[in-house]
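Lettered A, B, C and D in written order, each chain numbered from 1.
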Amino acid sequence: MSAAVLQVRNLCVHYDTDAGPIKAAENVTFDLAKGERLGLVGESGSGKSTTVLALLRMVTSPGRIRSGQVVVDGTDLMQLSPEQMRRMRGSAVSLIPQAAMNSLNPVMRIRDHFYDTIRAHDRSMDRRQLAEHSAQLVESVGLRPNVLGMYPHELSGGMKQRVCIAMGICLQPKVIIADEPTSALDVVVQRQVMETLGRIQRELDAAIILVGHDMGLMAQFVDKLGIMYAGRLVEVGPVADVFREPLHPYTRLLINTLPSLDVKAVFKGIPGTTPSLLNAPPGCAFHQRCPDASGSCYESDHVLTEVLPGRWVACPCYAGAAA
Amino acid sequence: MSSQFWSYIRRNPLLLVGVSLFVLLFLFWAIGPTFIDVTKARPISAMADLAPSAEYPLGTDSVGRQLLPNLLAGSLYTFEIGLAAGTIGLLVGTILGFVAGYFGGTVDSIISTAADVALTIPALAVLVVIAAVIKEGLNVRSMALIVAMLAWMRPARTIRAQVLSMRERPYVEIARLSGMNDFQIIVQELLPNLLPYLAASYVGAVAAALLAAIGLEAMGLGPQNDPTLGMTIFWCNYYGALLRGMWWWWAPPIAAILYVFMGLFAISSGLDELSNPRLRRAR
Amino acid sequence: MSLQYVVRRVLLFLLIIWVGTSLIFFLPKLAPNRDPVAQRLGMLAATGGVNSDEIDAMVEAYRAKFGLDLPVWRQYLNYMGDMLRFDFNYSLAMYPATVIEIIGRAVPWSVGLLAVSTFFAFLLGSLLGGLLGWPRTPRIVHYISTPFLMMSSVPYYLLGLIVMYIFAFKLKWLPLGGGSQYGTMPSLSWTFIIDVVQHAILPALSMVIAGIGFWALSMRGMMVTTLGEDYVMLAEARGLSPRRIFFRYAMRNAILPQTTGLALSAGTILSGSLLVEVIFRYPGMGSVLYRAITSFDFFMIYGVVFFVVLTVGLATLMLDLIYPFLDPRIRYSRQ
Amino acid sequence: MTTPLLEARNVTKIFSSRGSIGKKGSVTVAVNQASLTIHADPPSIVAIAGESGSGKTTLSRLLLGLVSPTSGDVFYRGRPMTALKGDERMAFRRDVQAIFQDPFEVYNPFYRVDHALEMPIKRFEPTKSADERRAMIEKALGVVGLRVDETLGRYPHQLSGGQRQRVMVARALMLNPSIIVADEPVSMVDASLRATILESLLNAHDQLAIAIIYITHDLTTAYQVCTSILMMYSGAMVEVGNVDRVIKDPLHPYTQLLVGSIPLPDPTKRWAANVRSATSASGQHSTSQGCSFAPRCPHVMDICREVTPPLFRVNADRAVACYLYRDAPVVSPEDVSALYIGA
């Protein structure tokens, strides 16, 4: 595999509460190659949003990044000063947000959002250059340049999301984090926005992390899939392989729950509920709901291990294969 | 429940401070009259213009009122006016707010516009007209009624806005599907959630009523024969107490008013935290 | 900004003026002892004095317009006609000066004091509130601002008495009251301007100190809400500097509801400033009103009240018409 | 034929925000001339599908009597909803129940979850004692697979989203209604917990003979749960019929677009890059005349912009409101239900 543009190692984020720390993300580890599309999927409380914030070093009190490395193109973000980190945001790692409805300042024209973003990193452009560059950007996401003169409330949800995509790529970032970019959109618009995002990402050859809960969207878009459960990454692998032959019991059950247009009136859920991340019991976080749980699952947490080429899983069922 | 209450109070010291200030004040009013002869608050109860002494702990004013009894009676009268006016204002405002917010339509338009207009016209201006006409007949009770007439708008506005946002909540629809009628929905579903807002509005209404009452009195438009705090300030101004260096005359009523307002401020800040769902949910 | 918006706002303004003026007419009618104005006029006529002929003429004119033999609606029409022409009759206490003359002299003082102190209170208060709601603000600012926040609940004029005692009576740094040195004539000379400013400092100070806390409190609340918005989070993710986020994204948006608050509080602020004027014997409408009340000068009281309603009505109208320029969501809504 | 349980006849709902002082009013046609019939015997199980703004939620609220139509009528067991008073109205309220989208907002945050379950019994069966109420509640919770000790006595925020929604299902079932209107019941529930909720809805239909209206934007779950489907676009019904036929072989250009945009959870069946049959809805508003999909439609004809298409009966169990099928006979609103009853 080519050199990873993003390496995340043992990222731990805790939220301090009176009752003790909430381990929102525990030992999150993965690599991302140039131009690769990673899907980070999980249900509510799985730690995917916390991970996104941690990658941008934007976790706020009472949360804090306890340990770990986030290496972008050889630079460990955790070692940077606040000002250096600010310069990395948007230029090395950019974010395409979840709620595009409210992600733009309602009292600023679209144009000024672009100018602000560019000027925060590069003061060399004059107004004309800024205007030209911004116009190119909005055209690249399929909008007309007159959008630049509008205010956010004059745009539809899909148009706002395109503006956010254009803004996310205006500094040609190496890694784009798209946090449920289409969760507020209808399926038709969702498809169009995702196709735009995919095209742009290919043109830039940037790596992308698509965060979400919609397995359908993941199947349509990503190359590699990471499954999160209770703050841990439990399985990572090529998307086709994961869907065809899920390794972790949670992944297997999750894929079983997905409705399809092939079978009717058969419903398979996962019994039980997600464990509390506060004072979590020892052992694998999934052991209470796992049909295959055995001895060691009740005692110690499992580390994400490569059990087959390119396929990582945190489950002892495959411990033998790793050896 | 009570242990929850105490743990909450400990986390919200402002509320505790405010409540304690008022407990002390109530004690002063309750126990004060056994040591202090309130009738001595009338003019010519003593020599005029005396500085504080053992006999007259807060001195006397230019017409011979003893100022300690004056303070005791005055603070009580003033607070009575504020409390009565605030209560009436909140009651009327809450009912109007609920009606406007819940039923909407024309009723809402009328009530909202009336509140907006009444809020824009300075209360003091209207009160001045009323009070000037019936100046001789003013006493503590009529004062409270006059002030109450213009204390309903802010509660009406806040409650209306709250009801408006709550009316569309799914739990109200569930209540309707559960066979509840409008009255039951208002009382059982909406009102409990508004309690923190009502409490905060109450404090605000009392403070606003006090402010209006004291303001009117400072202009001389108050009970001419009752030594309320505002009237005392009027007399200070009238007799030039400040320029004559009679600090014992003007300082105590100011201190008393500051005390009451600080207490109300502390309580309302505390309640603010209570009614802010973001802070409450964090628990 | 749609024409409809302007029309509606102007209609609201007219409604306010109409309601305010009508209240001045009808409220005294509710008084138990018939017409206090007529009583007062009768008293003046009885005492006579230098101008007894003119006073008799005035009483006659009043009776012709508002006599009890006239039906109320006629009296009301006469009254509204007078008000629309700004004809508030003579001052009963300072005859033969007319009410409008006296008010005309007082208005500039009041408006000057009110505008300057409200401007500074709003500006400084909003800035302080913004800082208090901003997580990066050093703790020291919180400690320093606490007294201001507590002072927000205190009536202006009480602060006025306190600052007057300290700075004018004890320390003698500034004049005790009035609008300018006694006996000076208004002119555009530096000495006069400095004199006026010196006299205005204490009344303005008492209004600004209390005002800062008030605006800071509401701004802090708005700031916390604004900082929770997605666009602030995204601004940080876009790599914007904290300074830029503070001013362009947080303050800029939190100030909008503050402006609405300013319009809503205009009446309270004006009432407070009238009382401050009384305390400082400042030659504005507050002092005029105070003198009118103590001397039962009813025409004067009604005239001042009318002007107070007019001032507040105009101020809110102006703020409402400016608001769309601050908030594009209103400016461009559904064109 | 028996009297239908619920019937909407040519209902239109227009929302006009009457401008208060300083605000301009606006007009939205949420539901446009929609007709729909639901039978209790045999109980219907129908999906109303569409995107946001299609009017599906407003239609459901019309059927629940939570809003009243601007024109047209809604009938409950043959009686116009507006005529229901007193006991009749209470009977209707009990008989027609609902489950809403947001499983948190349906709870009054002031009360424990018990309140949501006790309140309807107190209102509908005031003679029941506290013990009898408790027994009813416990039974209903058991039906949806919830443990009493894990549910009762808690505040809504102490339960998980899935638990909260199951309590709402229990609440609806407890009242023995003839119909449950489920408005996006699983769209805010985690994937792993959706199955239980959909399953209990389907069980209610199969075993308790409760009619179901399933309102959703998600065609895959509509396909799984229901036998018939009503597709809505911009307040109007565009395609009606058997769910297998509508989804496997969509006829209306809009349905085709929607089905083609479903992100299937199968990496081997990715969106075909070239099938882009319609332009995006870039904010243009539908005109009052003609088919509201015309501005986006790849097959648009002149007539589409002029006259609103009626439903054409393409075959025994399907009707489409599109002039591409104008050779087929027109279905009158009263006959629409025949397309999806007993199918």
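The rule is short, and it goes like this: a contact is a pair of C-beta atoms (placed from the backbone, for glycine too) under 8 Å apart; a residue touches a chain by one contact, two chains touch by 3 or more.
All of these numbers come straight from a predicted model, not from anything done at the bench.
Colleague: Report which interface contains more C-beta contacts, comparing A-C against A-D.
Modeller: A-D
Colleague: Report the chain whose CA-based centre is farthest from the CA-based centre of chain D.
Modeller: C
Colleague: So how far apart, in whole Å, are chain A and chain B when each is placed at the average of its C-alpha atoms?
Modeller: 53
Colleague: How far is the middle of chain A from the middle of chain C, if each middle is the mean of its Cα atoms, in Å?
Modeller: 55
Colleague: Using mean C-alpha positions as chain centres, tell me how far chain A is from chain D in Å, no decimals.
Modeller: Taking the average C-alpha coordinate of chain A and of chain D, the gap between them is 33 Å.
Colleague: Could you list which residues of chain B touch at least two other chains?
Modeller: Chain B, residues with two or more chain partners: 113, 116.
Colleague: Would you give the residues of chain C that are in contact with at least 2 other chains, written as numbers and ranges?
Modeller: 12, 333
Colleague: Residues touching two or more other chains, restricted to chain D: which are they?
Modeller: Residues 21 of chain D touch two or more partner chains.
Colleague: What residues on chain D touch chain A, complex-wise?
Modeller: It is residues 51-52, 160-163, 190-196, 198-199, 202, 217-218, 220-221, 223-225, 247-248, 257-258, 260-268, 270-271, 273, 278, 280-283 of chain D that touch chain A.
Colleague: Mind listing the chain C positions that touch chain A in their complex?
Modeller: Within the complex, chain C touches chain A at residues 135, 229-231, 233-242, 244, 248-249, 252-253, 256, 326-329, 332-333.
Colleague: Going by the contact rule set out above, which residues of chain B touch chain D in the complex?
Modeller: My answer: residues 109, 112-113, 116, 169-171, 173-180, 188-189, 192-193, 277, 281.
Colleague: Which positions of chain D touch chain B when the two form their complex?
Modeller: Per the stated touch rule, the residues are 18, 20-21, 64, 66, 90, 93-94, 96-98, 100-102, 105-111, 116, 119-120, 123-124, 157, 168, 171.
Colleague: Considering only the defined contacts, which chain A positions touch chain C in the complex?
Modeller: Chain A residues touching chain C: 56, 58, 60-61, 86-91, 94-95, 97-99, 101-108, 116-117, 120-121, 151, 153-154, 164, 167, 171.
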